[in-house]
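Next, two complexes with chain A in common: one pairs it with chain B, the other with chain C.
Now for the complex of A and B:
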């Protein structure tokens, strides 16, 4: 049981990394990014191809993460421009359609060019044993990376002027613009940053499973559920929700199968919307 | 709706805009701040055109709008709200902090408090203070007395007088006409989008039409 829970936590942290990006892009840009899983997969596939080509593993992973960021930057400055011309619900709808289309295009292309990309990482110590429990080194490494990414995001949002500007736009866009803060430029930065976080998740995912074309959709769905349960405006809520749902996912997949697990997770999201529409931790943060 | 209006504010001057609800005061301010685009005409500041600029760029040029709705960041502390006010020129931030806290000592006492947890009067002070943090060349104050008790309004105008004494240029929209006329050297009277009257505030005080419609005497 305990190894399954640990697996769940490891996986949940990756979900949180994607979910927090969905949360930020939604809070700041008013767009619900349905191609977020694909942002992640692009990072993983890039890293896999570079490692396959003989590049140093760490360098390849860094470049993979940056590829996700670059992709996010390009999407924000091109595909999403028509959506940004509108406000509120119209922007949300147009954004949904545009990013859903993008996810099909990316999946189709990856399926055609790199149908079976996989990250093969040889670590000097494949596993470590702590208190009688054996954990894969890769699990430890990806979890540490995810937690570090979260801490850095928190420090950026709470401790830097730019991070405060990001929060100010989420809270009151008119007020932010009156202070001389450009919502457009900050939004581009956040889409890029969220894509980088997704890239970290994608590279980490690639260490454990193959990067097939169905992974993108799967990651998007998990991340959306985590974002809803955690509260689309709360970052610490997203982290906690990711870990909890990761555990539920791992335990339920092991005992009752993946199909029913997805139903359980979606039910959790529905229940959250009914009981606490603004997320689990909405009143704490 | 505003039609064919022409206004002028000299450096260091406090100019008032008075008129009933819906006369176009807020429309005028939003046009200057870049939140609404005029269909025709020009808005000039220091010889450069402001019309056509986006709101953040107008603010960066030193024309700072403090709307009646305040538009604060509710879940941020007083300190963070002020810090963001100085977003465009962080170099002068420490000086501006000192100045703002000497002007509004109550904000210094409450600097760790969330903006949403403060009273209406304190929120209004914070909105003005956030505008001042930008070290503006012109401050556009839209109905700063909205929702404040009379005693607080008097206190706020004493604080605004200190700002004026520092040489800040102020354009003020106000429904509480006696306050506006006492505070501003010159005043424009707006009605249905037209400038009906304008002149020195002291002359307007004696104008029979103003007395009748706005001061409730005569």
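Now for the complex of A and C:
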């Protein structure tokens, strides 16, 4: 039971990394990014291809994460520009359809070019034993990485002037612009940052499973569920929701099968929207 | 502006009916073309329904495939397990789809969910549907699907008669659409799509018109989805997937033109042609669909009907 829970926590941390990106892009840009899982997969696949080409593992992973960030930057500066021209519902609809289209484009391309990329990472110690429980070193490494990423994000949003600017735009875009904050530039920064976080999640995911083309959709779905259920403005809320969902997912998958588990999680997300929609997704309504 | 004596809508319907009725004569006995043209009619009908849901009442349903699939699976599974007549179960499946669509709409209006919430809820329903089909293997045979050939619906197994059955459904749905748009409902729909609050203030019962549009649209989607299940010879989750139906219907409706009578028909023809052109790319079709969706939404949101209106200077409905 305990190993399953630990697996769930590890997985949940990756979900949170993606979910926090979805929350930020939604809160700041007013776009629900349905291609967020694909952002992650691009990072993972890039790292896998570089490692396959004989590059140093750590360098390849870093480059993979940066590739996700670059992709986010390009998407924000090209595909999402027309959406940003609109406000409110119109922007939401346009953003939703555009990113949905983007997810199909990325999936279609990856399915065609690299149908089954896999990260093969050989760590010096395959597993460590803590208090009688054996944990894979990869799990520890990716979890530490995820927590570090969260801490840094928290410090950035709470501690720096730029972070304050980000939060001010989330609260009131017009008000922030009146104070001389450029919404456009901050938005680009946040999309890029979210993509980088997704990239970390994608590379971490690649350590545990193959990076098939279905992974993108799967990650997007889980991240969306976490973002919806987390439904809080604070980053810690998303983190908690992610870990919780990760555990539920791991335990339930083990006992009642993956299909039923996903149905339960999706139903939880639906229910959250119906019962308490005033969470993270309430900025724009 | 003076209203024409004969409404252009009915003239258009007549032309569309005449042209589509003659299609099987042009394609002859080719099974390939019979299949494509029938599928084209199916997508046109989906688009007519989606036009009411997204076009007129601005409700983003990302579960068209799941609605069509629910009806098809309810019908096929009930027919197999309880040995009911397929027509009875098609009716039941259609009602299930209509009830689901109506429920999503009612809940979303009541809870004041914006476009994004309804999008997520219906997307979640799509995924739940897919996972249910995979999970209930004993009833649904998982991803392999169920064979519908030889279940007693011979009219849908012959390629020519099945074309005309679905043709009939399409024409009926276009006719109903036209009737609706020329009645009070149409006035309400137009007011709704302009501005909901103003419509509400003008005394239009926004809730019931939105639920009406969603229910009628979902009934239609379910009915056609179930019929197509029998025409196709088998049903599987892949046939009723997001990529298989929702994306295609979105593209069809966008190409043709939202909030028009002729849009779904023109879009259906255009999509059938494009689909034939990208067929050689095989695996890349998903990529092409995605690109089409993006490009169309960015550059061609007015649709073919609007272009035709400008070119011919006619009042095309």
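Simple rule for what comes next: the second predicted complex is superposed on the first by the 276 of 285 C-alpha atoms of A that agree within 3 Å, B and C clash if a C-alpha of one lies under 4 Å from a C-alpha of the other, contacts with A are read in each partner's own complex, and residues count from 1 in each chain.
We take it that a contact is a pair of C-beta atoms (placed from the backbone, for glycine too) under 8 Å apart; a residue touches a chain by one contact, two chains touch by 3 or more.
All of these numbers come straight from a predicted model, not from anything done at the bench.
Of the two partner chains placed by the overlay, only chain C lies in contact with A:270; chain B stays clear of it.
Judged by the touch definition given at the top, the superposed model places A:172 against chain B, while chain C stays out of reach.
Comparing chain C and chain B on the residues of chain A they touch gives the larger count to C.
Contact with chain C, but none with chain B, is seen for A:109 once the two complexes are overlaid on the shared chain. When the shared chain is aligned, chain C comes close enough to touch A:228, but chain B does not. When the two structures are aligned on the shared chain, A:89 is found in touch with chain C, with no touch to chain B.
In the superposed model, A:101 makes contact with chain C only, not with chain B. No residue of chain A lies in contact with both chain B in one complex and chain C in the other.
Residues 33, 35, 54-57, 59-60, 64-67, 70-76, 80, 83-85, 87-88, 90, 130-131, 134 of chain B are the ones that touch chain A when the two sit in their complex.
Within the complex formed with chain C, the chain A residues making contact are 32, 79, 82, 89, 92-94, 96-98, 100-109, 111-112, 221, 224-225, 228, 257, 259-260, 262-263, 266-267, 269-270, 273-274, 277, 281, 284-285. Interface residues of chain C, counted against chain A in their complex, comprise 58, 60, 107, 111-117, 119-121, 123-125, 127-128, 131-132, 134-135, 243, 247, 250, 283-294, 297-298. Remark: chain A residues 161, 164-165, 167-168, 171-172, 174-183 touch chain B in the complex.
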